[in-house]
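Note that the chains are named A, B, C, D and E in the order they appear, and that numbering of residues resets to 1 at the start of each chain.
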């Protein structure tokens, strides 16, 4: 039984942007503030300084959070139009609410990456921070032996997987972020990327979405577009 | 039509006159020579007559832009200017953008006649300089007439927060969009060969709440594009009623706004 | 844990006091010449040195306010002050909480608006703890501020009170709770106690702290007793200040 | 060499140009035919590494690895973690076990490559420090985010990606008892010190970890039932090396886009500090023995697509051979 | 770092003037709380509290640890309250502000020191192993009343939490998984709830549950913690405006009513969550049995 991913937007009135995202048993909240005043030592003359802060559900910030921060930063930095707001700070805070497993190991950390990334991108969209493109991320497991692919796997699936992959794509299908681990051939990797691209990329507005719906549920790219669309429609409701 | 960052734009209709320049509004970035990129999620608007396109969205963080009217708070005074903060609509916002309001940027001000402002004062001002590389500057007179035209210190009253989109609507931007919509509908209707019975009431301009309140209650109001609305009246009760009605009509249609005001007036 | 017999059948407390009796309160002013004002307070076995510096120019720019003087309080527990030798670190949350409570209490009592853009620094050294430490700190600060000549609206006085559960024995009518004035360490450890601080020993309370569970109905009695103690202490402190003042005047006359 | 590619209108030396406009400085170099990097390397050329092992006498194993101007020292030290914790009165061997349906022993067998056991007892401790003055950006003080992140990347490589060290090689058991019971563990402290930093610290640091681990020799430790303690044999001849899993090496790349008129991107192997500061997009590939991929990391941009990644994997395989040969020859 | 902006003069005078006329900006009575929402996560011990716009998450976790040497028969119970930048950009990570210290102390006194949890029940083997229960409080949104909201979140999460069952066999302690044995709730002795009063106009006006704007403008405050049995767990009035003793006692009496309401509300939500869980478990069991 898989739990469908859910997302919501703009529920923290004091943050410029906020979003939550849950995938399986992992659930995170992200908030974005900025562009705002920057600390002198972080000030950049030509572009905005991007800060990512990850806060764990239990305990205090450790190396795992630092690692997640650096990975999220590397994925988010290129999609933000930083030159639009020089000498400012754009702060992204990711709060883990619930993670898939209680143990602090590589797999649970891996399962945090995609939801955190999605929540952060949604929060950036909500805040109206100028972006170059929309990134959506997913996790793919490559099973031992059978070579079967599981998109958005559960913790148990990952434990049995030969290799596990976190991938992020722009809505146009460009590969923006990879974190793959395990033992695999390049050909397997190509298959994994194709599977990831399928769920992450989203059809254009006005495209016929029916064909996609038939092929099993809603991809994460579609889901993200849906929640943003709902938010914009709510904002423009007064016109109706 | 809803667009997302990185989405390609649909083909833009040719300008009505040959030499009209294309105006690119908020949410879009123009990279020379002719590449226009969407960088915000929102509704794409194309005004064929003015040959302009922009993205209509909503937000909370105010980015200063030239000639915007804003409600600011004085932080301190230096030898030749007041340092002000332009708060955004997140209530109560941490100080975000700092702006300079020169002592002489008031109508007919000289060193002796300039108005004295104290830290904490609320001022209605116009942005005279906005540049991403510099702190913005403010002026308290109209750019054309050089007269006060309502700018200056706002004494008494109460400041309420609304979203940036709501502030724009209260300043009448909603009307423009409404007219645009009406015209587009007409064109569509003509294409389809139907006759459109235009009902003026059908499309809201987003500020019915103010119109309705103004009909019954005596109050003063000033709207800043930074998402702040200043309201003053004889009685705090009335001020609060006006402020709350404005805040609550964020997601309401014109009809609902009118109903809301009627309810609130009954209670008052 | 074995309960000490905190109240004898004759109604005497462990140190021989009656329920509404204060411990011996002794204080001296101008104990240190280096400071602008100083005091030494002995309240039973609780002993505190307090020094005041100011109003002076603030060390940190953030303490500079146009509206009035900023009050800064520093509390140091001497390592030997308690039963166990334990050094409280500066960042200790309890100490920081005490500092904030004292700082807010005295910001209210001091006429800060008379000294804008300046800072009044109060330093407390707790040499010996035997209950009612926070209250003793308040009283020591007041005396030191008076000595420093810092303008205040009135004396700030604080006192503690507790509540003792009386076992009725054979007669259930005797059962009930008795309030106790001015708690020492042993009483504080076993009984609920409240610290009450007033400006001028009146009925209005500026500092109120309760850290142990107590029934709501008992609160009124405890507060009344503590307020009464504040009134008594105010008189005591006033006497001490007057005696000190007379002494100073006499010395100048010579 | 650089002056030939800078436009003649510029009246200042290339070093100034490099500081003023670092990205166009790099771009101009790469636009020349054949493309050449400011360091004189071609885009696909790695720097030549050198390895020395066992240079530290107090560590159980050590290695000095240098690639270009990036040089690191890695030392491995083993210490014994006794499970019968406490001395005297407090002594008591309370063991906590987590019941789980498929395995009563507590840890989920070998499914996770022993990661659970290694992590739960923190049997491997990695730490990377930047030496004072190792680079221009060095600031004294607590470990920077960069050092912390690199430490955790190395730790992940060691524990989950490659499963280089299996927990049983670190167990010290009571062999005489009827039921083999783990009485103590070896804990490996792997300290890496960066002496000089000129980009791409990960590859060099990782190679130094591998070389140091391969050179590590631990004394024979056993459980003495009479003493109720773990005893080490001082006999040097009985020192043994670690049982290590398959070799794996990393290769890092920087990607810069907009080189050609068509905005083509170029992948730079083994970037130095200057290139790292200009290129935001980066790729890391870890190759295992037999050419299998153990890890791919990519971030920082959109220019490098699947073809780019394929190229990276290809280059990383070649780089693996270089490292393998070098490590094996260093430890004869 | 951006600092919290002081309210402007007109806001200040208006809010205070309105209070004199018995009006609050959000239209509440002086003695009423903002709308309270409480929901629980899928995991045990995750409570999400919304008090008006203020939003607080509390997360309870438990692991086996060695007890403190001076208290060998007690388990360990910790509460961490760290104000992060998510609640307000004015909060920086890693630096403790006065506000943070006071908040942490209040929660500590209200819940831990008042003995809300029976720590002796957390002991597994005296002096050797015990449960270490920790509560992490995450502040998502700050609009005043952080103490009251986080106290509710913590006590709700503690009541919701279930720790794995353990059995001791000689020198071995076996922790049973949640599927193997029904997990055990914590032994909770009483449920303390905080009510914070803000004072204005020389103490004439006292407000319950002030918003951030009201907090910025107040002259003094007092937090009182009670449980539904009418026991005062803690009172903290750290200086500020002097208030008459009788007025303070009146505040305490009103607080008791509020506390009883809130306790009942938490209880209701806990029961609802329990029924939901039981129903879902039953459903799962029936589907699991079907294939067999």
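Worth pointing out:
By definition in this document, a contact is a pair of C-beta atoms (placed from the backbone, for glycine too) under 8 Å apart; a residue touches a chain by one contact, two chains touch by 3 or more.
Predicted model only: the values in this text are computed from it and were never measured.
Counting steps between touching chains, the shortest path from subunit A to subunit C takes 2. Listed here as common contacts of subunit B and subunit C: E.
The most distant chain from subunit A is C, comparing centres defined as mean Cα coordinates.
Averaged Cα coordinates give subunit C a centre that lies 60 Å from the centre of subunit D. Centres computed as Cα averages put subunit B at a distance of 40 Å from subunit E. Rounded to whole angstrom units, the spacing between the C-alpha centres of subunit A and subunit D is 27.
Subunit B and subunit D have centres, each the mean of its CA atoms, that are 55 Å apart. Counting partner chains per residue, subunit E shows two or more touched chains at residues 2, 88-89. Counting only residues that touch two or more partner chains, subunit C has none. For subunit B, residues touching at least two other chains, in rising order: 91, 94-96. Put simply, subunit B touches subunit E in their complex at residues 73, 85, 87, 91-96, 118, 120-122, 154-159, 230, 236-237, 239-240, 243-244.
Of all residues in subunit E, those touching subunit B in their complex are 2-15, 17-18, 21, 23, 25, 27, 88-90, 212-213, 216. Those residues of subunit A that touch subunit B in the shared complex are 13-16, 33-37, 79, 81, 84-87, 125, 127-128, 130-134, 170-172, 204-206, 225, 228-229, 232, 234-240. Of all residues in subunit A, those touching subunit E in their complex are 12-15, 25, 27, 29, 31, 33, 36-37, 39, 53, 55-61, 91, 93, 95, 97-98, 102.
Per the touch definition, subunit B reaches subunit A in the complex via residues 1-7, 29, 37, 39-43, 56-61, 63, 88, 90-91, 94-96, 132-133, 163, 165, 169, 174, 177-178, 181, 203-204, 206, 249-254, 257.
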